[in-house]
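So that you can tell them apart, the chains are marked A, B, C and D in the order they are listed, and the count of residues begins at 1 in each.
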Amino acid sequence: MIYFECDYHEGAHPEILKRLCDTNMEQTMGYGVDPHCENARKIIRKVCGREDVDVHFLVGGTQTNTTVIASCLKPYQGVISACSGHINVHETGAIESTGHKVLSLESSDGKITAHAIKAYIDAHFADESVEHTVQPGMVYISFPTENGTIYSKSELSEIYSVCREYDIPLFIDGARLGYGIAASNGDITLCDIASLCDIFYIGGTKIGALFGEAVVITNEKLKHDFRYMIKQRGGMLAKGRLLGIQFETLFDNGLYFDISRHAVDQALKIRDEMRNMGYSFLFESDTNQQYPIFDDSKLAEISKKYTFCFWQKVSENKTAVRICTSWATTSENTEMLIRDIKALG
Amino acid sequence: MIYFECDYHEGAHPEILKRLCDTNMEQTMGYGVDPHCENARKIIRKVCGREDVDVHFLVGGTQTNTTVIASCLKPYQGVISACSGHINVHETGAIESTGHKVLSLESSDGKITAHAIKAYIDAHFADESVEHTVQPGMVYISFPTENGTIYSKSELSEIYSVCREYDIPLFIDGARLGYGIAASNGDITLCDIASLCDIFYIGGTKIGALFGEAVVITNEKLKHDFRYMIKQRGGMLAKGRLLGIQFETLFDNGLYFDISRHAVDQALKIRDEMRNMGYSFLFESDTNQQYPIFDDSKLAEISKKYTFCFWQKVSENKTAVRICTSWATTSENTEMLIRDIKALG
Amino acid sequence: MIYFECDYHEGAHPEILKRLCDTNMEQTMGYGVDPHCENARKIIRKVCGREDVDVHFLVGGTQTNTTVIASCLKPYQGVISACSGHINVHETGAIESTGHKVLSLESSDGKITAHAIKAYIDAHFADESVEHTVQPGMVYISFPTENGTIYSKSELSEIYSVCREYDIPLFIDGARLGYGIAASNGDITLCDIASLCDIFYIGGTKIGALFGEAVVITNEKLKHDFRYMIKQRGGMLAKGRLLGIQFETLFDNGLYFDISRHAVDQALKIRDEMRNMGYSFLFESDTNQQYPIFDDSKLAEISKKYTFCFWQKVSENKTAVRICTSWATTSENTEMLIRDIKALG
Amino acid sequence: MIYFECDYHEGAHPEILKRLCDTNMEQTMGYGVDPHCENARKIIRKVCGREDVDVHFLVGGTQTNTTVIASCLKPYQGVISACSGHINVHETGAIESTGHKVLSLESSDGKITAHAIKAYIDAHFADESVEHTVQPGMVYISFPTENGTIYSKSELSEIYSVCREYDIPLFIDGARLGYGIAASNGDITLCDIASLCDIFYIGGTKIGALFGEAVVITNEKLKHDFRYMIKQRGGMLAKGRLLGIQFETLFDNGLYFDISRHAVDQALKIRDEMRNMGYSFLFESDTNQQYPIFDDSKLAEISKKYTFCFWQKVSENKTAVRICTSWATTSENTEMLIRDIKALG
C-alpha cells in the first residue's frame, strides 16, 4: 500500500536524524534550557523577524493547543473556534478537560470571519444576564485550516484587529504552518504570522520532524510563567534538546520552507490533474490537503493500492476523501497515483 | 411594575415559610441527615411510586446539573444535550468547568429525539479514530424544556430505550418539573418520570420553595458515594433540614402539584386570549412559559407596566418575549395583563 | 438530647425569619441585583469602614472558599494553608477539583506565621527547577481557626505584609468571623479585617442566618468578573434577595456582633468553669469553640444527655471533644451543662 | 564539565538511534496502531510473563502519571503517595490539575508501608463525616523511589494485599524501573512487578530511550477506553511507531536490563569507594541514585569539574547531593570521579 492518508506516515527528514545521531552523546541539561534549544530559539526569532518573542518547544499538537489555551483563559472564559476546528472535534475534549468551553462558530470551509467573531463577542456583552454565559476570552484559528484552506493577509489582519479591539488573544494553530505559507494562492509569510497574532505555533510533527511544535509568544502579557504550564501539562520533555536540535535543523537553512513547498507542489499536481479529469472537490484548497469526491466504485478500486482518509459521504454513491502529501511524498508516487486515477476512467 | 419575567420573583409559598418558622428552634444534625430530610425522602419515594430510589437535596439548578453530570461521566465523556439546553447556554460553562464537553444536538423547540441521539452515538462509535473525539456518556433533557415544550410519554420512552441500549444514563433536568407535569397537553406523571430515566431532579426553587432541588436516583449504579459529590460541589447545606422541611411541605398534601397547575392555568389563559387576538408564538408551549411575538411599538407600551424576558428579535420590528407565570401569579394580575394587551389594539 | 456539637443546629435568628416573612411577596429581580442585596452591600461597606469594596453573597462555606480561590489562582498556582485549614481537610478536595493544590504548612493550633509563609515562598523561588513545583499564588487563613484560635492584629499585619511583598492575595475564611471578633482576648475589628487582607468573607450560616456568606473584595485586581465565577460555581442563588435580606438584618443594628458575643460568652463560661474543675484543653481558645479533654468514662456519662463533636483521642482513656456554642445557645443550657459536668466529679 | 546530575543528559542508546534510522522511511499508520507498536506490546507481555496485560506507549513521566491516575479515580477520590512522591512534589500540580488531591503519607526514605496505607484508609472510612474528606481511591508508589530506595518483594506484596482488600488500585511509577530491578539488594523481577500491582509503567526516557514510557495494565477493570485518556491528555504521539521501535529495541534482547545493571554498577562503585573514604549518605540506596553528604568546601572544589544535583543542606557546612549514573555513564568517568573525590582528602 502507498499511503496518502496523512502527513505523518514516515519518521523524520533524514537531515534531522543525522543531527540527532551526531549530537547523541553530548551531555546537556534537561527540560529545554540546553544550548540547542537556545540556538533554535535564536534562529526562530530571526525567521519570524522579531527579537522580542518567547519560543518554547512542546511535543505534540493536542498538548500544545491545550497548554496554550489553558494558559490564556480565566476559569469562566471560553475559546472561539470554527466548528470544524481541531480543538472542537479531534482532541477528545482536551480543552474542556482544562475547564473551558469551545465556543464554536459555523463554518463551511474551516475558516471564520472577523465579522462573525465580532458579532459573537458583541452579543455576549450585550446580554443582560452576561454572567450566565461563557465569556469569549480568546480566538483560535488554524492556518491552514483542517480543510486545507488558508486566510489571506487581509482576512487575518481583520480578525486580529477585532481581537485587539476587545483585548482578546488570537492564537494560531500552525500544526501545518509550513504548508499554509507555501500555499500557491497565499500571501502570508512567517513574519506576517508573527505580527498578526498573540501566540502561535510552528508545527514540526507534520513537516519533517519526528515530533515537536514550537510555540511563539508575541504578546508580552502571555509570556509570564509559561514554563510552569508546559510542565504541568506534561509537555516539558526531559531530553528537551531533542526538540532544539530538530528545530535548529528545520530552520537553519530554510529546510522547513523547502519541504513544505515540495509537499504542496505534489498535492497541487494531483489536484490539477484530477480537476482536468472532471473531479470536483469538497473544499477549495491550495495546500497539501486535497478533498476530491470519488464515485464509490472508483474509490473502492483505487483503495486497493492507496490509502486516503475518509472524509464524508456526499451522496448515496459518492464519497469525499482527503488526499494528503507531505515532505516525504515522492514524485514517483505522485505520478503513479495520477496515472492510476486516470486509468479508472 | 408587575413582573412576568420569570418564576422566581417572590419568596416561598406561605405554607413553607410557616413550617420553617414552626421548626426554627428544633436542634438537628447538619448536612441532610436529620429527621425532616429523612421524612421528605420517604414522601418523595412514595409520590414517585418507587421505594428503591435515593433522594438527595441540593440548593440550586446549576449546582445540581453540575453535580449530577460530573458524578456520571468518565473524564473523556461528554453529555448529549439540545443546543438550547440550560447546561449548554446558561450556566457559564459549569459543565465544562468539571472537564466535560456538552455535545449539543440541533433543536428548534428545545427537544431532542431518540433518533438524533442514536444517530449521534452510532456515528461516534463508527469512527475509525474513535478515541480522538469525546465519547457520548450521558443524555440530558429538560422537562419541560427551556422553551416551555414537553416530551410525550412515548417520546420519553423512546429516548430512554436508546439510552438503555447503549448503557448511557438519561438525566432529566426538572427545574420546572411540576409545570411540565401540569401541562395541558401532557401525558406524563411523576411516576412516569421516575421510571423512564436514571436520574432526575424535582425543582423547588421555581415552584414554591425558597430554594432547593431534590435529586432522585433510580439507577442503582449511580447511587454510590453521591454525597461525596454533593459536598465537593458545594451543595451540602450545613442546615440541610431547611431543604427537608421545604420538600416535606411541598409533597405532603400535593401542594407542589396544585401550585404548578395554578401557574399553568394562568399561562394558558394569557396564551389563549392572545391567540384569539391574533398573536403568534415562537414555540408551542402548554406550560407556564409562553413566547408571544409583539410588534416592538406595542411591546414598548406594555413594558411600561409589566416586565417580560426578552427572548429574540424575530424581524426588524417584531420581538419574541417570554411571559412566565408561577405559583405566585395572581388571577388579578393575569386578568389585568390580558386587558392591557387587548387595549394595545 | 441537647446539642453542643456545632453552631448550625437551629434555623435562623427569629428576626431574620420575621423579615423573610415580611418581604415574602415582594417581587424582585433574581441573582443578587435586587434592592435588598444592594442595601445589604451598602450596610456591609459601612461596617467595614470602606466604601471601595465589592460585596457578593454566596450560599455556603465550601462553595465560597472554592469560588474565591479558583478566581484568584492561575492554573499552576496553589494556595498556602495551615494543614488543619478547612480547605485542606474538610471540603472533599473542592479546591483540588478546580485544579489547584493546597500547599499545607505545619500548624499545632490552626494558625500559620508570616515567617513560615515567607520561608515557603522563598524556598519555591530559590529552586532551580522552579517550574517543576506548584507556585504559591495565594494565602488562606481562617479567622477564627478551626481550633478556635485567633490571630492578633500584629500577627495578621505581618502576614499581610508578606503577601504584599510577594504580590500574593491574602484570603480570610470568615465562616465564624463574628465569633473571632468577639473573642475575649482579641484585638481585631471588622474594619481591621477589611484593611488587612485582599478578600474575605463574613459567615452567616454559623452566626444567625439560615445560610449565606458575604464575600468582601478589597483588592481592586480581584473584583473583575467575579459574578461569572459565582454563577459557574453554582453560588448565584435565583432568589438572591434571600441573602440580601438576611445580611440586612444581621448588620442593620449590630445584631451580628451581639449574637456573636453571646455565643462566646457562653463558651467562655463553660471553659472557665471546667478549668476551675481541673480540665485541660487541646487548644487555647477564646471563641465559641472549646476543646476540653475528658476521661472516657466521664465522656460516656455526659454524652447520654449532650452531644459534642469528637475531636481526637489524646491517650488511651482520654478524649478531646469540641464543645460549640452559638447565637442560639441558651444560658439555661449552658448552666445545666456546667452543673452536669460538675456532677461527674 | 562531566554530568552526574541526572539520568537524561545524553540522547538514546546507539542501538535505538540505529533502528530509528533503519525504519525511517517505512510508512505506517499513526497513533500507536502500527506493526512496531504491536510487536513491542507482544515482547513486553512476554518479558512480563503475562499474556493478558494491555500495553500503551506514552511520551513522558508527568504525562503518564497524570493519565493513569486521572483514568482510575472518581472525582471525589485522591491518590495516596509518599510525601516525597514525584506526583506530590515535582509535577507542578499535574495531578491536582485533573481535580484530584494527592494524599501524602510521611516517609523518611521515599517508601510507604502497608501498615500506614491501611491506617489511612481505615481512618477515612471510620470518620462520621466521611463525605467531607477526600476518599482514598488509589495508591501510588515509585520503584525505585525518588531517594533511590526500593521495596522488597514482601513489602510490595503486603501493600498490594491492602489495596486488594479495599479494592483500590495500586499504581507503580517505574520511571526508573530497570534501575530498581537491577538493585544489588533487590529481590523483585519485572514479572513480580507485573503480578503485584494493577497498573505500572516501564520508564524508557531515563533508561536508554530518547523518550517514552510503556504503561502496562494488569487489572481488567482499568483497561477500558484507556486510549481516550491518552489522547485527551496529549500523550498519543502522531508518529506512535517511534515509541514502538524504541521499546522493541530495549526489550528484544534484554538491552534494557543490561544497561540498567551497568548504571547501577557504576553507582555502587562510587558509593562503596566513598563509604570507604568515610562519607555518609542521606539514604541507603542500592540503585543508580546515590546521596552522599559533602563538606561544602569539598563540594565547591569537586563541582568545578562535575555537576551533581543539589538535594538539601544537612547542616551549616554540609550538603547532600544526588549523584546519578545512567546507561550512558562510562567507566572512565566513574573512575575519574572516584579519583577526584579521593584527591579532595
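Here is the rule we use: a contact is a pair of C-beta atoms (placed from the backbone, for glycine too) under 8 Å apart; a residue touches a chain by one contact, two chains touch by 3 or more.
All values reported here derive from a predicted model rather than from experimental measurement.
Chemist: Please give the intersection of the contact partners of chain A with those of chain B.
Modeler: Common contact partners of chain A and chain B, which must touch each of the two, are C, D.
Chemist: Given that chain C and chain D are copies of one sequence and touch, is their interface built from the same residue numbers on both sides (over half shared) or different ones?
Modeler: Because over half of the interface numbers appear in both copies, chain D and chain C meet with the same residues.
Chemist: Could you put a whole-Å number on the gap between the CA centroids of chain A and chain C?
Modeler: Computed from C-alpha means, the inter-chain centre distance equals 50 Å.
Chemist: Let me have the rounded angstrom distance from the C-alpha centre of chain C over to the C-alpha centre of chain D, please.
Modeler: Distance between chain centres: 42 Å.
Chemist: Using mean C-alpha positions as chain centres, tell me how far chain B is from chain C in Å, no decimals.
Modeler: 34
Chemist: Residues touching two or more other chains, restricted to chain C: which are they?
Modeler: Those would be 75-76, 91-93, 97-99, 129, 131-132, 135, 228, 231-232, 236.
Chemist: Looking at the complex, which residues from chain A come into contact with chain C?
Modeler: Those residues of chain A that touch chain C are 31, 70-71, 74-76, 98-99, 129, 131-132, 135, 225, 227-232, 236.
Chemist: List the residues on chain D that touch chain A in their complex, please.
Modeler: 1-3, 5-6, 8-12, 14, 17, 20-21, 23-30, 59-63, 66, 91-94, 97-98, 205-206, 210-211, 228, 231-239, 241-242, 328
Chemist: Can you name the residues of chain A that touch chain B in the complex?
Modeler: Residue positions touching the partner: 75-76, 78, 89-93, 96-102, 128-129, 131-135, 310.
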